[in-house]
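Shared between the two complexes below is chain A, which pairs with chain B and chain C, respectively.
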Partner chain A sequence: MEDIVIAILRSATPLVYVTLAGVIAQRAGIWHLGLEGLMISGACATVLGIVLTGSIWAALFWAIAVCVAGSVLFWFVVEKLRANQIIAGLGLTGLGLGGTTLAVQSIFGTQAAVSAPFGLPRLGPAFGAYGSLSILVLLMPVLVLAVWVMLRRTRFGLRLAASGEHPFAARGVGVNPSAMRLAALVMGGALCALAGAELATGSLQIFAQNMTAGRGFMGFAAVIFGAGHPIGATLAALFFAIVGAIGIKAQLIFGDRIPHDLLLGLPYIATVLGIWVSTKLRGGTKAANGFAELRNE
Partner chain B sequence: MTKKITDGMSLINRAIDRRFFLKATAGLGMASMASGLLAAVAHASGGLVALVHTQAAGDAGPVDSMIARLKQLSDEKGFEYRAVYAQDPATYETIFRTLGDAGAAVIVSTFNEVAEPFKALAPSYPNTKWVQLFADPFEPAIPNVVTVSYDYYLGCYLSGIFAARMSKSGKLGFIGGVSIPPINADFNAFKAGVLSVRPDATVTSAFAGSFQDPAKGQEIATQMFSSGIDFIQTDAAATDFGIIAAANEVPGRLVSVLDPAQFPKGPQSVISIVGLDFGTSLYNEVSKALGSGWAGGTHEHTGLGTGVIDFIRSPIFKEQGPAEIVSAAKATEAEIDAARAAILDGSLKVEFNTKL
Partner chain C sequence: MMEDRSPIFECRDVTVRYGDITALADVGVTFERGMIHAVVGQNGAGKTTFARVLAGLVRPAAGSLKFSGRSHAGGSVNDARRAGVELVHQSFALPPSFTVAEAMQFGAEGGSLFTRSALERRWQPHLDSLDVKVKARQRIRDLPVEIQQGVEIARALVSEAKLLILDEPTAVLSPEGTEKLFERIRRLKARDVTVILILHKIREVLAIADTVTVLRGGRLVDGPLDCTEIDADRLAELIIGPAATRGLNADDKAALTGSATVAHAHIETSSARKNSVLEMRAVSTRADTEGPALDNVDLTISAGEIIGVAGVEGNGQRTLVRAISALVDVVDGTLAIGGDDVTGKQLAARRAAGLRIIPFERNVEGLSLSSSLWENWSARSLLQMPLLAAINPVTIQKRCAAALNRWDVHYANVAQRAGSLSGGNAQKVILSREMDEDARLILAAQPTRGLDIGATSFVWDAMRDAKARGCGLLFISSDLDEIFDISDRVVVMLSGRIVAEFRPPYDISAVGAAMTGVLK
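Let's turn to the complex of A and B:
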């Protein structure tokens, strides 16, 4: 049982971090489809940082810097160049997926997997069977709480929400919505860097091309499923991780009696169902309406 | 005045409509790619051998191996060579045509995805010898094309015998990248190998859904190991790294992987490989193509005993693995050699079964 919980925590942690990035962006009025690109950039930058500097902290700093730079670029394109944020987000994802391949090839002359000699610090023997998990797993609930407090209980969070929901009203009380969106995207960039770092070096110590495998998009779906609420979206991300683990367990239990592809598709089926369910809930409807408003812009 | 401006804008819009823009962009892209490629090969026309690889180099596996052996052969025989990465299927035909136009002597490429461009272009370039590795036979055959297939599943059968002997629990696992016919056949052969020497054993299969998702590989392997499986055969390319990581977490977990480059990743867990040496295969095929007796329009089956496919124990594990497991592994050698010999002399038939 412990192994299953550990496996779920491992797969859920990067998903939760990237989901939080999506939540913050959504509160600021941005539907962030660049999460996948930022996450893979974070994964790549962390591994490259470790290999090139020999320090996990320098690598994390480097990863955060790369993802923040990507976020600022996204903000500039959306806010200053007035680009459609969905298209710009997908562009950022393409940039991340292609850019990481190019970066690895340029630096190492390779286009595929790069191994790091070590990864993120682990929790250690004091945590028993969970000692093999990285410190970012332990930090995850703290960050979820911190994001919730920031968004719901601080002046900054209220201004951020106002910038997303009623930018004209926000301007009326002296808040600059564009600056608030920049702040949201920068914070999201840092969270995406941590998501990528956890994915690549939480337990694997490797970067492989396209290794995010759609996790950024699942994070985006979790934002909608969780109605843009940090706790709700986190629970949605955990739900996706649990469904993924159940899919694997089902493969092992049912073997060839159920098509493997169907079981592998469970997280994605759950994602679609989750979004559908969320539209039946008040917050979900609100989120979906936000999406509709975006289409009408 | 306003109307004039509006009319002018609509004129521009009509002149640069979406279809025109897309066509122009595609044309410019193709032209720039072709001109870049032509510039690279122009000076080498005549004796050029080109490898067009559809998976990324730097995999510490098949592609790197092919490039290295092509370079070696180039040094030995004194011909020019180029390794071209064709990432996008839309570019295959352009790349092959460009190489053909440049007068390439031999064009080698891999996997079934290049079959259609080969069929479309090879007849137009009869002076170029075309070699497709990991291919199905062409029907009808094309006189200047050789296709090569690999009986990798035979190596998996040998690995199954080995795994059955090494497993203490009698529970074995197989993790594939994607459930496709050749990988299904590998699983069935592995299972047949296990059951041939240990009928009471169980073999469980799972697929990651990707060849490049090590995190998913680790997740699957962790669940397999926690369910009592103590030996996993992998067939999942970069996803294997996650499987090896899961095996490294607890002593006694064993994996058999795909490539010798993965031996150092698990000095005490990666006990063996079912190797498919693409580099050697390419070396053999290009050597033949450059020779005088090359027979085009043929299909070659490459199996055990060719130096291309084999079950190989890890030399690193032999040195650093637990002594009792190393000696148990050594004790299986005679049995595996006998099975290999029986397959080669035809007395042992292993079914190529692609159904799960």
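Let's turn to the complex of A and C:
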């Protein structure tokens, strides 16, 4: 049983971080499809940081710096150059996926996976069997709560939500919606960096091309599934992680009797089904309105 | 007791430009403290721009602003709010998903970290003190418009507002709602809040304001004038202007300015109205996100008749149009156009039967702004042609140009984008498409909204012409004066039902009572 819980926590943690980044952006009125690109940039920067500086803290600092820079670029393109959010987000994802490959190639002269001598600090023996998990796993519930408080229980959160839902209302009380979006994206950038760091160095200590494998998009799906609410989206992310863990377990049990690819695809199938169910539950209006707002941008 | 009559706001030579358009030109006025000031003018006169300059939402290209004797650069909401200036917008500006308490909190100061109940405890007394009958935990989207406006005003008063500006607050209200609003404003005046009301109707100005300032075409015509020293006719002249007054009959002029509620005794004499063009029998629809369901609606429109639909917005007017246009399913009852039952028919069949629609949202439903004029103009006839019929753009463009000229549209060429036209000209393009010879039933949904005087009277005349040709018209408007001016019969909608029907001469208080459900 423990090994399943550990596996779930391990795969859920990066997903929850990236989901929180998406939630904050969504609240501020940005459909963040650049999550995938930021996450892989964070993963790459962490591993390269460890290899090049020998310090996990310096590596984390670099990862956050890179992801925040990417977020500021995204904000600039969307807000100042008035580009379409979806296209710009996908562009950021492309930039992240391609840029990390290029970085590895130009530093090591090969596209092979880069491994780091050590990773994030572990919880340690005090946590028994869970001691092999990283400190970011423990930090996750704290951050979920913190994001919830910030978004739902502070004036900053109200102003952020107003900037996303009704920018004119925000302007009417002297809030600059564009600046609020920048704040949201910068916070999201830092969270994406942590997501990438946990993915790359929470257990494996390795960076490989395209290692996020769509987790950024799954995080975005969790945002929609959870209706943009931090707790709801976190639960959605956990659900996806659980399905993923079941997929792996099923592989071990059924072996060759069920096609391998089908089991690997389980989290993605669950994502699509989850979105479909959540739209049905809400009468399908929420997402539709969201897209209508997008067209008006 | 000495009253403080020093100016609370002064401006000199304020000019605002949006691109090539000058919205305000060299406006200079001074408003005294402790009074109710009205700012009036037609659509396009620059009233809303003026309000936004005061509130800091728009930075003037030139001119100076002074609040309580202190100069301001303008263009900063925070500066304006610090000076005690608050604006209540025409179309409400609170996020619909917020609770009332959250809506108060997000524009206020203090109490940065909160719980829901603490927030409700903080703001409920504020709402109560302003007599806004709402629970702080209710969501904005669930509130009826009159309450929502009360919440907006409460929002504007979370800090110590000294100057409260309301932009066309009466546009969404029933006559009774307007009366309640005015009482609320008088109470604010007693609390030493100076109020600037952007208004449209002379009747309302004279009922509430101490002074009136008239704008026309972005310029200051006169003001502030003492309301005790001006009468409705003089004010109407100032608002409309000498040039536009020519060619308007007295009733139209009164309807344009709301100077007096003329009973409009022009009872239809023609008795040849036998053929009904629309017959709705006990029509019901399902409720959806866009408005309440129709509930057992009976409505007959004869050829050569204009039926006005009065009602507070959001009481099923949009559903009515969508039900007749086959955009929402009729679950019960029957619907016939020109004598043919079209209950289960699609819009194309109904259009073929003579249905024409001037939709609510001119720029969304009425025109494709990114398409050319000729494409927009020909869309109706092209959609009625067989799928594979050949189209000859040159012929269409020629016919389009002829039609647009006939309808007095000001345009450069038929290939220009529809989005480049002004509101009045865009509406004329729609009229030229929808008010053709084959039209039998015309749905005119808010056809004059946002139009200036010339375009408004043009639309009215076009509707009267269509009526003279034997069309039946359904005319939906939130402006009772124009409804009374051109309708042969008026029905009142409330919560998806038709609750009353009136014939001329109309009694505004009876219609107003029906709109709010108080049947007299």
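Following the convention adopted for this analysis, the second predicted complex is superposed on the first by the 287 of 297 C-alpha atoms of A that agree within 3 Å, B and C clash if a C-alpha of one lies under 4 Å from a C-alpha of the other, contacts with A are read in each partner's own complex, and residues count from 1 in each chain.
By definition in this document, a residue touches a chain if its C-beta (ideal position, glycine included) is under 8 Å from a C-beta of that chain, and two chains touch if they have at least 3 such contacts.
This structure is a prediction, so every number in the text was calculated from the model and none was measured.
On the superposed chain A, the two partners chain B and chain C both fit, without a clash.
Legend: residue contacts after superposition of the two complexes on their common chain; A:178 is shown touching neither chain B nor chain C. Here chain B and chain C are compared by how many residues of chain A each touches, and B touches more. In the superposed model, chain B and chain C sit 130 degrees apart as seen from the Cα centre of chain A, a figure rounded to the nearest 10. When the two complexes are overlaid on their common chain A, residue A:260 makes contact with chain B while staying clear of chain C.
By the touch criterion defined above, A:245 reaches chain B but does not reach chain C.
Within the superposed three-chain model, A:84 lies out of touch with both chain B and chain C [touch as defined at top]. Closest CA pair between chain B and chain C after superposition: 6 Å apart. Chain A uses no single residue to touch chain B in one structure and chain C in the other. Taken in their complex, chain A has these residues touching chain C: 149, 153-156, 158-159, 161-162, 165-166, 168-169, 171-174, 283, 285.
Of all residues in chain C, those touching chain A in their complex are 55-57, 76-78, 81, 87, 89, 93-98, 102, 105-108, 111-115, 289. Partner chain A is touched in their complex by these residues of chain B: 56-60, 85, 179, 204-210, 212-216, 218-220, 222-227, 238, 241-242, 245, 249, 265, 356.
Within the complex, the chain A residues that touch chain B are 3-4, 6-7, 10-11, 14, 101, 104-105, 108-113, 115, 132, 199, 203-206, 208-211, 213, 244-245, 248-249, 251-252, 255-256, 260-261, 264.
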